[in-house]
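Okay, so here's the structure we're looking at.
Read from first to last, the chains carry the letters A, B, C, D and E; within each, the first residue is number 1.
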Amino acid sequence: MQEAIQAAEFAEETTRFMPPREDVEAELLDDTSIWSSLKSMLKNNKLAALSLAVIVIVILMAVFAPIVAPYDPNFQDADNLRFAAPSMAHWLGCDELGRDVFSRLIYGARVSLVIGLVPTLIAMTIGTVMGLMSGYMGKKVDFIIMRFADIVLAFPSLLLAMVVMYTLGASLVNIFIALSIVKWAGTARIVRAQTLSLKEKEFVEAAKAVGVKKWIIMMRHILPNCIPNLIVLFSLNIPDSIMSESSLSFLGIGAVPPSTSWGLMVYRGKQYLFNYPWLTLAPGVAILILVLAFNFLGDGVRDALDPYLKD
Amino acid sequence: MARYILKRVLISIPVLIGVVFVIFFMLNVVPGDPVTLMMGEHIKPDLIEAFRERMGLDDPFIVQFFNYLKNAVQGDFGMSYKLNREVSGLIFQAFPHTLKLTLWAALVAWIIGIPAGILSAVKQNTLVDRGFMTFSLMGVSMPVFWAGLLLQYVFAYKLGWLPVTGYKTWQAMIMPSLVLGWSSAGTIARLTRSNLLEIMKNDFIRTARAKGLKEGTVVVGHALKNAMLPVVTMMAIQVSSLLGGAVMTESIFGIPGLGRVAVSAIGDRDMPLLQGTIIFTTMLIIAGNLIADLLYSVLDPRIRVE
Amino acid sequence: MTQALLEKNAENPAVKGDLLEVDHVVKEFKVSGGFRKSSAVVHAVSDVSFSIREGETLAMVGESGCGKSTMGRLILQLLELTSGTIRFEGRDLGELSGEELRHIRKKMQIIFQDPYASLNPRMNVFQIISEPLTTHRVYATQKETEERVRELMRIVGIRPEFINRYPHQFSGGQRQRIGIARALALNPKLVVCDEPVSALDVSIQAQILNLLHDLQKEMQLTYLFISHDLGVVRYISDRVCVMFLGKLCEIGQTEDIFKDPLHPYTQFLLAAVPKPDPHLRREKKALLKGEMPSPVNPPSGCRFHTRCPYATDRCIQEEPQMREVRGRRVACHNVECLTIQ
Amino acid sequence: MSELQKNEELLKITDLKTHFFTHKGVVPAVDGVSIEIPRRQIVGVVGESGCGKSVTAMSVLQLISRPGKIVGGSIRLDGRELVGADINEIRSIRGNKVSVIFQEPMTSLNPVYTVGRQVSEAITAHQAVSQEEARQRVVDMFKAVGIPEAEKRYKSYPHQLSGGLRQRVMIGMAMACQPQLLIADEPTTALDVTIEAQILHLMKQLEHDFGTSIMLITHNLGVVAEVCDYVYVMYAGKIMEQAGIFDLFDHTAHPYTKGLLNSIPKPTAEKRRLYNIKGMVPNLLRLPKGCRFSPRCEYARPECFEHEPELYDAGNQHLVRCFLYKNGGGPA
Amino acid sequence: MNRKYLALLLVLVLGVSTLAGCGAKAAGAEGAPAEKISYDNIMRLGEVTEVDTCDGQMTTEYYDIPFMIFDRLVEATSVGEGISEIIPGLAKSWDISDDGLVYTFHLQQGVKFHNGKDFTAEDVKYTFERMLLPETGAKNQDFISPIKGSQAMMDGAAKELEGLEIVDDFTVKMTLEQPFGAFLASLATPGCGIYDKETTMEAGKDFGLIPEKTIGTGPYYFKSWVLNDEKLILKNDSYWRGAPALDGISWKTVADADTMRMMFESGELDVFDCDYAPTQIGYFMSNDKYKGNTVIGNRVGIYYYTFNQSIEPFDDVRVRKALQMAIDRQSILDNLFDGRGQVLSGIMPPGLVGYNPNLPEIKYDLDAAKALLAEAGYPDGFEMTITQSTNSPDTLSRNEMVQAQLAKIGVKVTIEQVDEATWYAVRADGELPMYTTSWSADFNDPDNFLYTFFAPGNTQKRSFNFKNEALSNRVVAARAITDNDARMAEYQALEKAIIQDEAAWIPLFCKQHIFITSNRLKGFRVSWNGWTSTWHYYDGLHIEN
């Protein structure tokens, strides 16, 4: 006994252990936590870092819109500023009602971001719970939840969102509902798959052997290990929601005035493409950049968390 | 194989019924009475009532639902309220155009996505990688209608190379398939890239190299086929997203497909038409899933039917 | 002779002193084979009976797929029996209520093979080791629990200061120690060691084996030691049972089996182990032909007959039963003739 | 010219350094290793995980992938320098003059192609033979490595074969071009003992029949004792001891090797405590000063913590990296 | 095994694509012409929404094709700036009894339907009765409802129209319930095209849907209809007035107005209707490229905002008047329609018989508006909702301007968007709080405006809930005034009372209808009321390539 303790104490100085395979690279990655993986990813992946910066800037602009925006986004001066070209006073010009496009873009970011985040959060929360239950409980619960997921997944998602929006009427809250309904099933599938594999892990067996209750196993042992996957899903679902909103706006069932989303701005501005291109180019490019940024960040996150996902 | 297909088809029946039910339910709780929209303004209320009764609109919801189901099984999706035509006829008239667009778009998506994915993977974390991924992700990051309009503006209006709209000639199909295909190329490129990177870490790649194979042969001959397997299943998911994107693409490029039918049906509260369209697209998606699974089983010897 | 008698008694469930009795246990898995293949039944464990006496180490050896790990999980009620009974301290585990089962779980624990998969990467050492304690509400206060966790860490040789570290900050050997600490937290009687050292390097393996050995002495543990490494088995076990394709071939005192294996499979198995001594190298070695048959379609009669050089027609048709031969139990029709050879 | 030197070893690795450039620092996985493999011999390289034995083997064929890189030393095959050679030249050697088999036969075979195709590819990559001829040679090779129903197995996919058969296929693939050197990287670790015995037997037979030299990488001293002629013991990126097989076991010199041998449960009836080497393998990023085994060594002396020992000759082609043998002496 | 599956896969893929190909062809064959049609002499037009039917009786929205493939008994034509006139159609002449109750029509002889059948009085009777029978589900009964016995038919109580009598094959006599000054004008509306009895009965539900079964006497016949794509009519060589100069007219359905504009500008369409992009008027008008290619017509119509008098505070006339004064109509017209129109202060737009150019102007006066609001008890304004249907960015712009303008007097406007069907449904229930829309004349008579909006029942259907019953009743009574001058005077009086005294809605402006035509299209005219659909597609229109 004494010897064993000595050996262990000695080991503390050399905490590294080489796993059976001499794959030095993989083994070194494995040692890090999620957070530090992400940090080192940002250090190495310039594009992802830049994307994060863009996203942070957009978020800050949206949060501090009243401070950042040079004008009231709804202030009209149609008689003087209608279609004013970009200038020092109005960086991105003015729209058909003489409103400052830049200010509207900043306020529009609020709606676009909220639409990116909220439905994704709701959908993923529902999806995670469903996926956990389905995967862990199995049998009837699994069957029922998965059939529901099948139904949702069998729908063409945009059509489903359209039907929901038409049923409920156009409003921000209804967009949340529509997109949540459309998106939960994807998360549920993925969480279920991961739950199924985690369920077979020895640490779960150990917990079962100890007599830990089902739902505690789910919450304590399974869910935390799904987190890398959920982070990746989250970062890739946000841009998807933003794009869905712009599609709904095109069909006239997206954001509702006075709130203005980027999707709505693109849609309304597109009729002036020939003469006053900034009206549609500015929000369009804004969407492009924001969504690209989320995509790059998401890709980076996925690459960084890949070793976790394989567990 | 045949048994498997049959089994899969049988499994998808409850899903379809579920879809029908959901749509039916949602459309029956909405405000707005289709009958008053259909009838003239001077019709007396009792005539409207008679009409409702004839159409079975007074039956309890569940009875209506089963009646609908019964007819649908026989291929009768009812009459469009607004267009006064057989829903099935309208769908079959529009469907080929959507299918054509979707197939073309899928082709474009693969032509852009797969090489971009491969090159990005091979040149991981280089400018080439970033460049190709940016290009293919740009498609996902632009509102389809916006990208479509810009393309029209440049290639049809400014340069005059292509017709603004149309679907009958190959020239006319270029822009719509590009817009729609590009929008899902990013997904494919991303999947190809990550799969390929993943596969390249496998032991059998080392084996292939150890055999003395050229790097190109290793990537194309050994890694690619493995990496393509999940990409093939992606096809199924794509059917859904392409059909969604087709709604807007069709509007912008004047293609008389299912998406247009669905959009106008929603706007007109044309329940039979909307139901029919959604059920039909759902069947397409389910069929797409089935085909993807079959393809997978053909390509992957590990799960091939013995 | 006395030893043979003892051995016989040991196999008799009526005799007191048996901690665990496994009686005609069968486990079949239904494999749907995905959607493309018709479903099949894997005969993982077929009609296996043995018992473990309190304080002893019973080793279970066999090659991969022989059902030894499944057996371990069956005992711990992590899998449901297809048929048969398992008695722990005389009580049929299959008939216990949920609460009784939870209670009895305190007395049976498991140590796993893979030191990486067996610890939840999102929990720190304290959370891992205290989970059994909090689950069964052994201590009223957090402080007591923490005290116990630190004690356990000392026992298995992990510095208690590491209580807040996460598994990835430890080496494989240390992780295995944490796994052992968790298993010991509730003072179990029986510990199922499922290949506890096979993922470790030789030098670490020795540390863990010594630790297990010491712990057994100090805590009066009973081990079911599942392993494919015959060297390790010979070192640690009192008795050995050899499994082949879901069936028991031979069971007996370790030394008896290693010195004089009776079942042809045991003989080949022992012969196949490479000896760390070049002088023992033999140019012509008795090699076992072929591969392990599939547990989905196990061979008829004696499951070993397809690879057995001594197989007779009887072996193909008739399944051999366990019977007592020279102080141990063997399932082979031809044991007598073989040993004469 | 050097090709003409008859006594030249088949493979001569001199002071090989292969480092991994990770974002945490440089990992000297192989740190100045010299190994010689004579013709028609089985040379073992043993050591625990992370000691650099596989990296050494993979360095020979330059199968080291990013972030690993050979940073120094020389690898001469038949007198030809491989370090810094053109990639095409390396490629012409891979699978042809030198081939490799790996630990995991399942993952080392491409799951989507038939095994026959994968083996014949090894032939067609190096020799201009017709498909049919390649196929015939594969079938012959399958027979040679003891694959039953070779014709039928040609068309099998990896998942349809058992572990043992897969490893035979891997060996068949490696032997397809009748290489001069076969590098076997833990070839039996993933196999059951009965299969392991078959595969080891097969390897000895191949060495005998084809005159192929074998570099056997393993952590299992039993396997080494079973098949090797000469053995190198590696620890933390360096050779600690090298000796003929009988010398190594009979006159074990290095404390590490002794520790390893003593850690193995002995086939004795007595249940003594096992010997164990205290502590664990050092982190290659933070190697201890002096002898890298010194923190775990019971014979360590002050100089061991200060200076790195060289390989000292203990006579009879027996070299030991330990100050104890600096003057040809041994531990007390 | 492998090969076999790959072959199977290949067949599958090919099968699917051929199916798509065949399908496309099959779909084309159903409606599209099999022979290659040259568009050299075909006028190409565009529209944004697909049409539900080409049966003029069944639609209140779509008149293009009904105008061109059917003839009416009489036609309305513009004879000068804002002046229209009724000219003979299928009725070559008519007599009106002195009491204004009996109209006798003498029909053209020798007119043939597109299928070669002769046109007779029987077809007129059939057509009118078809419109009134409830099972037809027609929507334009308004136009012939003055005929005696029409209500009975609409109620399902009669199978024949009592007031319509066939005198002989080419004479029809119609008796009205009461005198109706605008009766002739209403017969010129597109809903009153004359159908061929035999083929129409045969066609049943397919009438108006399937081109071959949709037969009229008009200058063009219905050639093909591919849903959501193209409708094509070709010239009727044996048209009784003489064949038109154009080979035909094609309508492309282009869902997106911006796409349509690009199609026009890249030469894929011959006419661009600026109504689809009112914001582009400035661009087109100032572009040298289109100089001389603009055709401007006055729309005999009006843009307006409504009040729902059942909803507080719109029940207070002071509030309504305040809002009338708080909207800067000229600014809206200038900014959203390039100023091309005229601010109005009543109901009747210029160009309509009875238009009152001397109506007092409703002035834009914020101070007066605020004062009125304060008087009504809302010194700090109030909150209100404007409802609009989705997918109408132009309406949205208008509402947003109004939103900003009303904010100046403290009124907080919420713009609510609902889909079109819901919007109509809620409006029909009389529950829309406030909305903006426009109305243009179907036929040239004030009745088409005042009766439509302010007759009892109608005000509720349009969510006005106009409470002054006396005025409502006078609107109905005015229909029967036989003396035209007296009738016009009454309408003008009513107009002033309803809009200015009662402030029942906010009149905005009328606007010009501007078309941009391609260089090759000559002789394009706007119909008298400024509609897109016009009978003038026959007359004088031609293409010079």
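Here, a residue touches a chain if its C-beta (ideal position, glycine included) is under 8 Å from a C-beta of that chain, and two chains touch if they have at least 3 such contacts.
Note that the structure is a prediction, hence the values are computed from the model and not measured.
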- [ ] Just tell me the minimum hop count from chain C to chain E, counting one hop per pair of touching chains.
- [x] 2
Task: Chain whose average C-alpha position is farthest from chain C's own - done: E
Task: Chain pair with the higher count of C-beta pairs in contact (B-E, B-D) - done: B-E
Open item on the list: Measuring centre to centre with CA averages, how many angstrom lie between chain A and chain E?
Closed with: 47
Task: Geometric centre distance via CA averages, chain C-chain B, whole Å - done: 53
TODO: With chain centres taken as the means of their Cα atoms, state the distance from chain A to chain B in Å.
DONE: 23
Open item on the list: If I count partner chains per residue in chain A, which residues reach a count of at least 2?
Closed with: 3, 7, 11, 15-17, 19-20, 44, 166, 251, 267, 270, 273-274
Task: Residues within chain C bordering two or more other chains - done: 171, 173, 207, 210
- [ ] Would you mind listing the residues of chain D that make contact with two or more other chains?
- [x] 48-49, 273, 276, 280-281
Task: Complex contacts: residues of chain C adjacent to chain A - done: 73, 76, 78, 101-102, 105-106, 108-110, 112-114, 116-123, 131-132, 135-136, 154-159, 162, 166, 168-174, 177, 179, 182-183, 186, 199, 207, 210-211, 214, 218
- [ ] Please name which positions on chain B make contact with chain D in the complex.
- [x] 202-204, 206-214, 217, 221-222, 225-226, 229, 299-302
Task: Touching residues on chain D, where the partner in the complex is chain B - done: 61, 63, 91-96, 99-100, 102, 104, 107-114, 118, 121-122, 125-126, 157, 159, 170, 173
Task: chain E residues touching chain B - in the complex, by the definition given at the top - done: 1-2, 5-6, 8-9, 12, 16-17, 19-24, 26-28, 30, 49-50, 52-53, 134, 137-142, 145, 154-156, 205, 209, 226-229, 252-256, 258-259, 262-263, 265-266, 268, 391, 419-422, 424-426, 428, 461
Task: Residues of chain B touching chain E in the complex - done: 30-34, 36-44, 47, 82-85, 90, 92-97, 99-100, 103, 145, 149, 152-153, 156-157, 160, 163-165, 168, 250-257, 260-261, 263-264, 266-269, 291, 295, 298, 301, 304
